[in-house]
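This is the structure I have questions about; it appears just below.
A, B and C label the chains in the order they appear, each numbered from 1.
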Amino acid sequence: MWAYFTRRLFIAIPTLWVVITVAFFLMRLAPGGPFDQEAPLPPEIMANLKAAYGLDQPLWWQYVNYLGNLLQGDFGPSFKYKDFSVTELIGQGFPVSIQNGAAALFIAVLIGIPLGAMAALRQNSGADHAAMTVAMTGIVIPNFVVGPLLALIFGIWLRDTMFALPVAGWNNGALPNRILPVICLALPFIAYIARITRASLIETLRTNYVRTARAKGLPFRMVVLRHAFKSAMIPVVTYLGPATVFLLTGSMVIETIFGLPGIGRYFVQGALNRDYTLVMGVTILAASLVIFLNLLVDMAYAWLDPKVRYE
Amino acid sequence: MTSVLEIDKLTVSFSTPDGAVEAVTDVSLSVEAGECLGLVGESGSGKSQTFMAAMGLLADNATANGHIRLDSMDLLSASEKKLNTVRGERIAMIFQDPMTSLTPHMKIGRQLAEVLIEHQGVDKETGRRRSREMLDRVHIPEAERRLDMYPHELSGGLRQRVMIAMALMCEPEVIIADEPTTALDVTVQAQILDLLTEVKDDLGAAIVLITHDLGVVAGLADRVAVMYAGRIVEQGTVADIFAAPTHPYTQGLLACTPRLDVETEALVTIAGQPPNLQNLPSGCSFHPRCPHVFDRCKAERPSLENLSNGQAKACFRAAQEAAE
Amino acid sequence: MSDAPIRDSRPGANLSVPNAAALDKAADVEGRSLWQDAFRRLQANRAAMISAIVLIVMAFVCFVGPVLVPWSYEEIDWDILEATPPNFDTGHYLGTDSLGRDLLARILQGGQVSFLVGILATSVALVIGVTVGATAGFMGGRVDQVLMRFVDVMYAVPLMFFIIILMVVFGRNFYLMFLAIGFVEWLTMSRIVRGQTLTLKNKEFIEAARASGGSTASIIARHIIPNVLGVVIVYVTLTIPQVILLESFLSFLGLGVQPPMTSWGALIAEGAQEMEITPRTLILPAVCLSTTLFCFNFLGDGLRDALDPKDR
């Protein structure tokens, strides 16, 4: 099994390298540079700026330099936030994003799985239809709609009541400032996880081995928990891989709406400002995160399905 | 002898988006202790559903009417909770497909022991010891080691033995074997049949053998019931039915079974297709395929009538001949 | 049902061996009634039918409506220059936005963009996905391995970031956005088509066609594609809303369509700025976008249920 994961890790490194290389050269292909402004800078200042950021070097040398620095954990200087390195910006933003993401995922699993399981066990009942309609709503109403709406309700309409919640800023991670962003981020997850759990559990309950378990005279609760549940969780675990990507893109919206200093907002700002090093840094971080979490998901498989014993 | 399991006028229908479909119609059957009843028919003839109803394992869209009695207890009207006191304990089922009928993420030993733990309240060690003994009994080599294996680590034949062991854990009075050999290789089929014969002789349980294979029935069963389109069309002892089948469908079935001891020129088949249950032919359901059909068969349905020798059949022609 | 067809390999065990002509005819009848059956099941699904009607009406209104609206989406009403409530005298049936532009005209224009993106980007995804998936599934072997490994790698990359990088690098070009989104969405399509092709490839009727001397091209055209079609239709219906969502997402962040051109996502972003004063500018485009996404999802689910009866 460990051999398998070592091999997977060796596949992950080239993948990451491709991501870095493609992102690097795409960025350099861009017409116009990061220092293009409405009023053009005098040529000598532009030259100085370029020299300061190493942009006067040949492209391949910049690339080799960038890779070399990356290996030492240095993402280079930010083009726009002049006094910060990208590593510093990420160092500030990442904890904010990861805390919100983890909280959202935790809430989603805690609510989504029981909700989906309940719907599956009462298939086609009113409760089932109600739960699934709510889930569908959670999926199709995007969080850039839910976010402003929640802000409207809790920040403006309920401003003078006890339900009022801050709708902007991080305030060093004060709990009230976290509530709306995390809810907003968690809603679609709850919905997806509930739907996947329901579909998967319904399918598992129809399998021959669940029929065998029932034929043994086990109480239904035991049939579900012992024989059906573990297999039914496989698709949910699979979903957690793509969910990471979802979480990352979600954080762009949520952090922009609620003005949180996370990597999602930095990325969007970087993209709007053509802050190439920052955009690249966040992209590389995101890719590593996705690859790492997919690896974790694969490890969970081995536990859920003994047939998947990696050789 | 009195019968252990008695099915009385059982009807099973499924509600589908295209209307209700009756899979089992007016079926009455009984099995005695120590007896093996063979239930024969094509796919979709309702033979499996008859006993799924007995186990309380019908699909959600099914409704069953009639009575299925295990001694004095009516299984059809019993609550799930009450049913669970007899399922696995007094009535057990061996399923068709051993490859998918064992829980993939549980070790064999735990799947076996949980039957005892649930019904007899034994502790884990006793459960494990008796599971090992049962694996020995169904001739699984290296039983101790198998207990800690997952189903996918065993071959199909071994898995079917595990299924049989699982059914035997509580030494039930009734064992229902639904196509126990269909999914297996021919050589393994023979071994499983030997094992079932052994079980029948040792345990004195009533065995119901559901199959489409008359060869299997000939080897194991004492009595046979033949089902066609949800109804029993002929019933009798194995000797009688094999020696003198009277229903044209049974005759056809027997003629189709290839025999090694008789030289035949070509394989015999029954013409036509099994009927669509949603749209059964008028009169006798078999009449479109019957070589001896006459007008009355198309208009009227023959009922199952007892003959003097204990045989029973639902066919006008047979009744006519017997009367002549 | 456990009485599902049991195939016994021994001769005679299946009792009836109809001749080949009869089989052929039976398959033909089944082929036709499969689609008819599916259509009937779809008609019985009220949510799906209502969704389909709503979508057709919305698309029609978005593309034809602007002709009937007195203002165009980019025209600024110099008499107003601020967000105002609906006023029939000035012809602003849903009022104006903060720059004095007609909200109704802008919502209709945004709808056009959303529907166009949905269809064009999905077509891009469809063409790439079906080509890659069918090739991989049908050729098998090394081709399959290479293509699917590539898809695996692409899955492990947060592609949203790359779309954004592309938008940054090449400017926010409208058509580039279709292409970029399409290039991202084909992955799942290719996997689905490959899986379906693989199962079909080993089905008896394909083997029969092969045995009777059909060429690879004719087998793909006459047997594989018609049988993959159902799954593809379902997946296309479910991809369109994803694509619409992606476009709105980009536009919301300011990385999609550029002013004065607009889309529902851009309108939501503008509305969010002014929701304190005129919640209408946020809520109306949000309702339009959500309704469209809702309807596409219901329709997709309905189609899946209709075409895949085992899931009933």
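In the analysis below, contacts are C-beta pairs under 8 Å (C-beta built on N, C-alpha and C of every residue); 3 or more make two chains touch, one makes a residue touch a chain.
In this text the structure is predicted, and so the values were computed from the model without any measurement.
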Q: Please indicate the chain closest to the centre of the assembly, with centres calculated from CA atoms only.
A: C
Q) Any idea whether A-C or A-B has more C-beta pairs in contact? A) A-C
(Q) Report the inter-centroid distance (CA atoms only) between subunit B and subunit C in whole Å. (A) 48
Q | Length of the line joining the C-alpha centres of subunit A and subunit C, rounded to whole Å | A | 23
Q) What is the distance in Å between the mean C-alpha positions of subunit A and subunit B? A) 53
Q: Would you please write down the residue numbers of subunit C that are in contact with two or more other chains?
A: none
Q | Residue numbers of subunit B (touch at least two other chains) | A | 95
Q.
Quick check on the complex: what are the subunit B residues that touch subunit A?
A. 55-57, 60, 80-81, 83-89, 92-93, 95, 97, 100-106, 114-115, 118-119, 150, 152, 163, 166
Q. Residues of subunit C touching subunit A in their complex?
A. 153, 155-162, 164-171, 241, 245, 248-249, 252-255, 265, 268-269, 271-272, 275-276, 279, 282-283, 286, 289-290, 293-294, 297-298
**Q.** subunit C-touching residues of subunit A, taken from the complex the two chains share
**A.** 12, 15, 18-19, 22-23, 26-27, 29-31, 136-137, 139-142, 144-145, 147-149, 151-152, 156, 242, 245, 248-249, 252-253, 256-257, 267-268, 271-272, 274, 279, 282-283, 286-287, 290-291, 294
Q) subunit B touches which residues of subunit A in the complex? A) 123, 207-220, 222, 226-227, 230-231, 304-307
